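Shared between the two complexes below is chain A, which pairs with chain B and chain C, respectively.
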Partner chain A sequence: MDMTVAKKKLGLKEKYKLLTRDLGWEPTYHNKDEVFPYVKYEGIKVHDWEKWEDPFRLTMDAYWKYQAEKERKFYAIIDAHAQNNGHLNITDARYLSALKIFLQAISPGEYCAGKGFARMGREFPGVGTQVACQMQAIDEIRHAQTQIHALSNYNKFYNGFHAFADARDRMWYCTLPRSFFDDAMSAGPFEFMIAIGFSFEYVLTNLLFVPFMSGAAYNGDMATVTFGFSAQSDEARHMTLGLECIKFMLEQDPDNLPIVQNWIDKWFWRGFRLLGVVGTMMDYMLPKRVMSWREAFEIYGIENGGALFKDLARYGIRPPKGWDDAGKALDHMTHQFMLALYQYQFGTAFHSWIPSEEDMAWLSKKYPTTFDKYYRPRWEHIKKLKEAGTPYANMGLAKLCQTCQIPTVFTEPDDPTTLCHREVEYKGETYHFCSDGCQHIFEKEPEKYIQGWLPLAAIFQAPLNGDLGAWMEWVSLADGKDNGDFAGSEDQRNFEAWRNQATSNQ
Partner chain B sequence: MAVTSTKPYVGVPRDRVENFNGKQIVYVGWDQHMLFSTPFMIVVEPGMKLGDMLQNAVRPLMQPDPDAPAVDFGKVEWLKGKQPWTPNFEASLADNGIRHKQQLTFRTPGLNTLGAAGR
Partner chain C sequence: MQIDLRTVSIKPQRNTFDHLARRFGDKPASRYQEGSYDIQATENLHYRPTWDPDQQIYDASITKIVMKDWYALKDPRQYYYNTYTVARARQQETAEANFSFVESRGLADMLPAEMKEIALRVLVPLRHAAWGANMNNSFICGYGYAAIFTQACMFHAMDNLGIAQYLSRLGLLLGDTEGLNEGKQAWLESDVWQPLRRYVEDCLVVRDPFELFVAQNVALDGLLYPLVYGRVVDGFLSANGASSIAMLTQFMNDWFGETQKWIDAVLKTVAAESEDNRALLREWAGKWGARAAAALLPIVQQALEGNADEAVGEEMAAFKARLAKLGIEI
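On to the complex of A and B.
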């Protein structure tokens, strides 16, 4: 008897088709616009969704297999790190501040990206797009989860890790990344793809991950290096999706160009502001530094970004509007940021400190045209105030930018001795900005940004009504433990004591 | 278009003056004095005398800067928003026309100990 033998294995392309085709049915009792109601209002014209190719064609079964393997390795290392007191292998407890900022400000962003991509997987009509977005959604949630797990070990020993979720929602410095992701998540699907898929994942992600993960390696933090590696292998897929999306929009219709350009301008600037925090960690918070923020931006921003925009020029795309202002800010922004973090350190759930002589020598070498001229005199004065027993704290609270929501600490692009003062009148109210970039973003969509929840103004509204003690409780900040100068902190004392126990007979 | 939306959309500002329990925000900046990262955010009643706000709320915040004792508010140059302005220290904030979230900036030409290296 002849038996029909089933073909043993499906090819990758075939399998992908079979595993995804059911998502692409033609609706019969609703029209397509009702099924996908958010895909047209941004003004992007699409003529043929079939043109969106998912170059990875990853199927769910393969995806599970890869990710499960990575998880096994990741958790094995995390366990070993915990069991061997890996936290005592870091260079110095100052390094923990970088981790605290990462956990409070960046990991929740991964989770937001997960939420956003889950939505995009539903809102885009193309099957290739839907599948790619769904997988990225799972990736992003996995990243948030592995980061939180990796850092939870530090929470057993050190302050400032215990309430990262409250910090993310309520802390004044966390509204920088929070407003970035809220802005993206409340945008339409195409703008979201430019914001996260392109600007964040493609143009800026190297600036976040490479220096940060090398920083972790340089400073003996195996846990963070491991989640970095585990996440990095997903990033290639994410970057491709972002680039694919932008090319798809530009190829579909010439009318899409000005809309896309506007989003590139906006999200480059928002991303640049967000990365200012990362730059500050690189320049000031790593006891053993990898490279300066300026050097990192030269490689990953100017060289790589420059090449990308050259490539996109054939579609009519020009470099982002804030490109030149960003270049002018490079030698100033991290110093301006760190001085701000230091003077408001009573309200931060991490420690900051006055840079040591050695740190300052490094900073002058890396920023030869600016550090000694503008920033060293301020640090020297702050040091003098501390030695005199009157440590510097700025109790005046800060003016915040209505768009990026950080204190308006930045100076005029061409005058580093004058703070940038930008204000706009809209429907009888005054709004302030840190830069032309942020002002332009506001002016394009004022009805969106007037709703911004500015965390310092919120202290003086109900329910806190100006009570700073109540504010600390509300943001879960343990006064005297989580905040303040690193010198003399519990983290500093404990780390030294435990490390001595581990390395000597004392 | 004031916002990209699927239907007409009007936002509600979160920082309107009526949310501040009878007070208002005033920002006060000291030009070129970069020890202070941003202008000070002061939250006070609009009926407060301008001179009182400067003496009681602003002056204490200026102390960390070595130039602070030399500042005479009556002799400095003032900007309201971005315009040169002559304040009336005896009048209230409201009578001085200082609106919610308005920025006042004062300039002290020639007085800049910490910024001297930067010029």
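On to the complex of A and C.
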């Protein structure tokens, strides 16, 4: 009988290599440019895809096993949440506005990211990179679905959730995240990785997930906490992928540096504007607050981001161009955003409200140099108008920034009493911007940004022709239910009645 | 915060989201429906792709197939992320148990040498074909239209990767790293494998997502799985004292049976939509099916030798019969 030859013991890294990148081969029946047609036009030079370091080593059997465990737990919790009327555990119904914005604005972006990563999983000519992107693709499908499922029960009882799919395509404020994700999807594969993999996942995701999920926990929302924490280990993988990708580009060729720097500048500013919504939710929409937007940005943006850019300095990367302007905006942005949302509340599928005395005391404590000076007086004025029976509403339509698509409601970085407004003439048309950051982004790729779909211009075009009622129907906004002031809303009345019913013996 | 809530019964204000009520009426929706329908952006897309300005970011016209509503392509398995991963987690438990059964009992060493050699020659290079399938399904997910269809393609892509990894483990178990190296050499250079490699590489330059679906998932896999895992592994190898190989490929057999239900449902719906679609499916399935059969013949000949022609012929007939039932005569 033959002696059995002892098998070589393979290390984990070596084994993973055999189970992933050894699967690939150099095509010979077609040239590589035909098989991977999009990988060169952005100008990024890659000499050796083998140098890609796998950011994590997960084979499919382990992936299925771990993910299924998380899935079982997640659905057990949200089932219990729905059965036990868990929605009555939230602090109060004002909190729901944050969830409505999340479902309309963020969840569709998760799905879109999944589709984008599926493309990257095909377009990059390196198996290691492809597999990492594919895992993120399927994870992002997971995130979109767990979010919809967690919030589905709220939709059964409260207004503003029911038309999230229509809002995604038509609602004016949803074009802020939509244009962000459409911008990434229409970019080449390397820029997509900087936009989503690096800027969104690495630099900004902590700001989205940590404060938002802690906010949910503080406000008694177990469903949201659960999808947030269930997604966290996925996010950790996504962050390491984003970071590996940027390092890989920078290490492959020095000519990549200016291209990557330009994308970092662009996507930092795009991301900062997008996160303004999250900041506003944190400062104004959580009945019980964890920390202010300013504090969150100091920890997750300035400290962590600062450390990251220090780390990248050895490649020649400097902090993003808009970094200083972002710092100057910190004490103002959320207040300006909330005032804007309040004045256009007839056209939002969530409620806004005048902050209470207690809220304002908190805001002045958290924003000692700006709130009392610039923003309290405006809220006081709005309050007076409301008490006099002439509530303040801006029925005019705002000028939108051609890049980020937010109404131009922000002020000059160095003068909080002057609205910031920039204009660029391009091919005989005038385009408007909310900031230098957004103007610069436009100027680098004007042919792209002139295509942006501006939702407010659409209101005046056929078939709506400026008819507000027709517009509401078109965006599936139920007037008097989804929109307007929280005070006196159906959500407020129902929540109070149901909670009383559940906590009393009547 | 903890408030003691009495169990109360509250009447819901509505049953489901608007877009689902429009499709299915005003009634509670399933999680499959909530997670799958209309979650891809459809209107007011902002920018043309810089990688191909002739396309939209999401563009139903990349393929020649025309559907009034791509969301008609529902998955009879009703797989969304949760049901998919939970099903695969169970299957991987079985696969793991099978692998450790074979490993712990030293069954690989007890295989007749000739059978082991055949198993290595037939199965190991297929890990590269499975990687090709993975890239193709990732492509279909990336460029296909409507979440209900494309999410299933992403699940399929991950399955293809899982299969490539199970085949690699099988190769390591039977032939160590040399087994994998020899398999790769054969894939790259041996005449036996060139028709299949050429097929896979030709698929990698097809940019019509639905034609690719037909070439990869319908034609190639539709013939490869029954021929290799059915005829060669479960039939030939098992009959010749190498039935433990079949334990290592149980995942592939089960997977083929399960995924075929989805693929057939998709084909049936697309064919029933219009005569133009049906004609395209006939053309594609005919063209790619004939090529796949020819490419697979030398591969199964390594095991079945003189019986290979007949086996391929029979599986081709079964493939035609399967498609005919779906309204696609080739």
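As a convention for this text, the second predicted complex is superposed on the first by the 484 of 506 C-alpha atoms of A that agree within 3 Å, B and C clash if a C-alpha of one lies under 4 Å from a C-alpha of the other, contacts with A are read in each partner's own complex, and residues count from 1 in each chain.
We adopt the following convention: a contact is a pair of C-beta atoms (placed from the backbone, for glycine too) under 8 Å apart; a residue touches a chain by one contact, two chains touch by 3 or more.
Just so we're clear, the structure is a prediction, and the values are computed from it rather than from any experiment.
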Scan A:41 for contacts with chain B and chain C and give back first, second, both or neither. both
Contacts for A:416 in the overlay, against chain B (first) and chain C (second): which applies, first, second, both or neither? first
Kindly classify A:84 by the partners it touches after superposition: chain B alone (first), chain C alone (second), both, or neither? second
Could you tell me if A:115 is touching chain B, chain C, both of them or neither one (first, second, both, neither)? second
Kindly classify A:234 by the partners it touches after superposition: chain B alone (first), chain C alone (second), both, or neither? neither
Can you tell me whether chain B or chain C touches more residues on chain A? C
One more residue to check, A:448. First (chain B), second (chain C), both or neither? both
Have a look at where A:187 lands relative to chain B and chain C in the superposition and call it first, second, both or neither. both
Which residues of chain A are in contact with chain B in one complex and with chain C in the other? 37-38, 41, 187-188, 448-449, 451-453, 458
Mind listing the chain A positions that touch chain C in their complex? 4, 7-8, 10, 18-20, 22-25, 27-30, 34-35, 37-38, 41, 59-61, 63-65, 67-69, 71-72, 74-75, 84-85, 88-89, 91, 108, 111-112, 114-116, 118-119, 121-123, 127, 130-131, 134-135, 137-138, 141-142, 144-146, 148-149, 152, 155-159, 161-166, 168-170, 175, 178-179, 182-183, 185-189, 220, 288, 448-449, 451-453, 455, 458, 476, 494, 498, 501-505
Residue set of chain A touching chain B in the complex reads 37-38, 41-43, 187-188, 191, 336, 339-340, 343-344, 372-374, 376-378, 381-382, 385, 390, 392, 394-399, 407-409, 411, 416-419, 421, 423, 427, 429-432, 445-454, 456-458, 460-462, 465-466
Quick check: in the complex, which residue numbers of chain B touch chain A? 1-6, 9-16, 19-21, 23, 25, 27, 29, 31-32, 34-43, 61, 64, 66, 81-82, 99-103, 105, 114-119
Show me the residue ranges of chain C that touch chain A in the complex, using the header's touch definition. 1, 3-8, 10, 12-19, 31, 34-35, 38-52, 57-58, 80-82, 85-86, 88-93, 95-96, 106, 109, 127-128, 130-131, 134-135, 138-139, 141-143, 147, 150-151, 154-155, 157-159, 161-162, 164-166, 168-169, 172, 176-177, 180, 184, 187-188, 197-198, 201-202, 204-205
